[in-house]
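Have a look at the structure that comes next, please.
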Amino acid sequence: MANADETPQTAALMGKGRMEAFSDGVLAIAITLLVLDLAIRPPGSPTDEFFRAWPSYVAYVVSFLTIGGAWIAHHSLTDRLEGVDSIFLRLNLLFLLAIAFLPFPTRLVAEALERNTDWERLAVTVYGITILATRLMFAVLVSYSRHQHLRQERADDPDLEEARRKSGVTLVAYALTIVVGLLLPIVAIVFYFALAVFLVVPFKTVARELFGRRRAA
Amino acid sequence: MANADETPQTAALMGKGRMEAFSDGVLAIAITLLVLDLAIRPPGSPTDEFFRAWPSYVAYVVSFLTIGGAWIAHHSLTDRLEGVDSIFLRLNLLFLLAIAFLPFPTRLVAEALERNTDWERLAVTVYGITILATRLMFAVLVSYSRHQHLRQERADDPDLEEARRKSGVTLVAYALTIVVGLLLPIVAIVFYFALAVFLVVPFKTVARELFGRRRAA
Amino acid sequence: MANADETPQTAALMGKGRMEAFSDGVLAIAITLLVLDLAIRPPGSPTDEFFRAWPSYVAYVVSFLTIGGAWIAHHSLTDRLEGVDSIFLRLNLLFLLAIAFLPFPTRLVAEALERNTDWERLAVTVYGITILATRLMFAVLVSYSRHQHLRQERADDPDLEEARRKSGVTLVAYALTIVVGLLLPIVAIVFYFALAVFLVVPFKTVARELFGRRRAA
Amino acid sequence: MANADETPQTAALMGKGRMEAFSDGVLAIAITLLVLDLAIRPPGSPTDEFFRAWPSYVAYVVSFLTIGGAWIAHHSLTDRLEGVDSIFLRLNLLFLLAIAFLPFPTRLVAEALERNTDWERLAVTVYGITILATRLMFAVLVSYSRHQHLRQERADDPDLEEARRKSGVTLVAYALTIVVGLLLPIVAIVFYFALAVFLVVPFKTVARELFGRRRAA
């Protein structure tokens, strides 16, 4: 019966090509749809109207980097998979559900920043919970694939290592920022921006690049 | 003349790559476009407005899971194909027509739940008929590919087996729910949610996982 | 110098993978975006409102089949290519320009059918010219790839043969329907529907299927 | 320690497939979303309304060609890559950020041309800066991939050569056109159109084609 644990697993392994294609599609569409919610509104001179819409630009950039970072992490996870099983496909679907939902709270944040603090509080909270949900679902994907031995044993992918090191910290940071957002919504937005940048920038690779170069010179 | 039945068939077999890419594209876009119809409307406090929009969240999740389930089923069907012929491409187009139409009745349902029972009745009926159409077209795809021997003989794909077992039951269930929706629209929505979950959750695999594990332990 | 005609050609041949992926993307998005223009408008009972929107459903189906038919034709053309050169990429871009524009006249037609004959005349004419432009650009792609010997010599692709046989006829038919639309816009819509069906249905394959079967039986 | 410069580089090289798929997705969606901003507005006869919307058609075509040209350049760059490293992925994300943003200034331009010169000035400036940003980010991608030796040594890709020859000139041309737009917005639009055409048309290939042909004849 010990075998029953392995054989069906292997039999169930499917090619990962279409899962990647479908995920790329959803991620690419979600990231590009964000632009539809950019809008300028009267009254004012052209320049006034344009610059008064700054909260929607900020929300746009934060969400773009957040989804972009999720894509990089997803790419570096699936790049290491031998294949996927039917449960992985479903967990991946829930991950995509959280990602595809993000344009909605992004719009809420953009609109709220032009209104009042009550609105900001609500919008920023929904925004934070959605991002936290994407991070949690991604952590579930990583943990499931490790637990089911779906991953190839290949050493030192800098992106994956980076993602693993950052994973625990960021979950806590996002949870804390949600609390901060209840009191100081604008500050929370700054934090979400900082976290998105932190997740996207490959500090270690950049450091090694700079460091290695200087030494070699 | 018996050969005429086979030779042209084989000659007509095309690579399935682009059919999969195009289908993935349409499914990924339809599932991601759903977010554009989420909106909150005055009047009320921020929290009021946000929670009053619950029907659109419910409709969003049901449609997301329905299209997600359709993608999983489609993936597991085409994964087993040797290739496609020109009739399969057209039937697939009709399947995609039903899928791509789904965001429209989803919006109708979200709007109707904020209005009155007459609206709910209409919206839920159109919604149910669209889902039934996607299921019927998928059944046609499966039956055509079996009939034309487009499928590889490979054993035990859990997703495909699961889909086959569930197929007849769900067609009947969707048809019955359409009738239920004429009387009790809200109840029908709950049923559509339950059916989407039923189609997406791979019960047998989950059971085997849990069962096998407990035994092995 | 005769060589100069061939060598650079071959050197310039690129993989067709990304051209196909990009084209699939644009075609899949254009076909799925059509749903965003479906809408029902007050006043009336739910059923009234829903059925009064019939012109937008008709326009939706005609455009869906037209783009779907264009995808099938494009698929069957590129399936036969050895590779693409830099001019093919540009011509393909113009083909995609016409396709990606189609949702706009589709919306015009849907709106016009709810207004008056002057609007119908304008909308149907713009619609027809756009479809004719997609067909012309596709004919240019086919002719360029034949002229530059980009195509593999492989016999009997039923879709390609079908497309070739239908190509000249449909260009004339679309041109004539544009003229018809100036006088009888509604009739032109019926014609566009008939032409889309005519282009999508693989009559010869269906006939052979039915004929071969009956003989074999 | 000199090795440290090379070994980690090679270890970090990843397949470029998903980066291409994701980029194709974003580019294809951005180019197709442009159609959503085409709209005609009362008052007037049908023909009046339709032709009064000419600025949105012009903006549509300029942006379509600009994104299309960016896709061709990106395609011809990545076609030559051995693989990508984690920094390339991030730089590519910034390139896509600029591309995905373009539909917003396109809409601004379309709306501004129907208003007054102050609006045109603002819209055309934002539009120009966005295009310049896409060109700059692309130049960064090219330079990074050359510097990190990510590229295969393969001779004479006409598209790449064309792009390289045009790159410096166009950066200057776009910067100058931004200045022109502050004074004469309409003239700047004409320049952006001319530049998009200039970037898309493969003059050298066309010339060789015509020239070689005439000689051979």
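Each chain carries a letter (A, B, C and D) given by its place in the written order, and its residues are counted from 1.
Keep in mind that, in the parts below, a contact is a pair of C-beta atoms (placed from the backbone, for glycine too) under 8 Å apart; a residue touches a chain by one contact, two chains touch by 3 or more.
Just so you know, these numbers come straight off a predicted model, no measurement behind them.
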item: Per Cα centroids, the chain farthest from subunit C; value: A
item: Interface residue overlap between copies subunit A and subunit B, same or different (over half shared); value: different
item: Rotation, 0 to 180 degrees and nearest 5, that superposes subunit C on copy subunit D via CA atoms; value: 90
item: Interchain centroid distance [CA atoms averaged], subunit A/subunit D, Å; value: 26
item: Subunit C: positions in contact with at least two other chains; value: 21, 25, 29, 33, 36
item: In the complex, subunit D residues that touch subunit A; value: 1-2, 4-5, 8, 11-12, 14-15, 18-19, 21-22, 25-26, 29-30, 33, 36, 85-87, 89-90, 93, 96-97, 100-101, 103-104, 108, 112, 118-119, 121-123, 126
item: Subunit A residues within the subunit D interface of the complex; value: 20-21, 24-25, 27-29, 31-36, 38, 40, 45-47, 50, 60-61, 64-65, 68, 71-72, 75-76, 78-79, 155-159, 162, 200-202, 205-206, 208-209, 212-213, 215-216
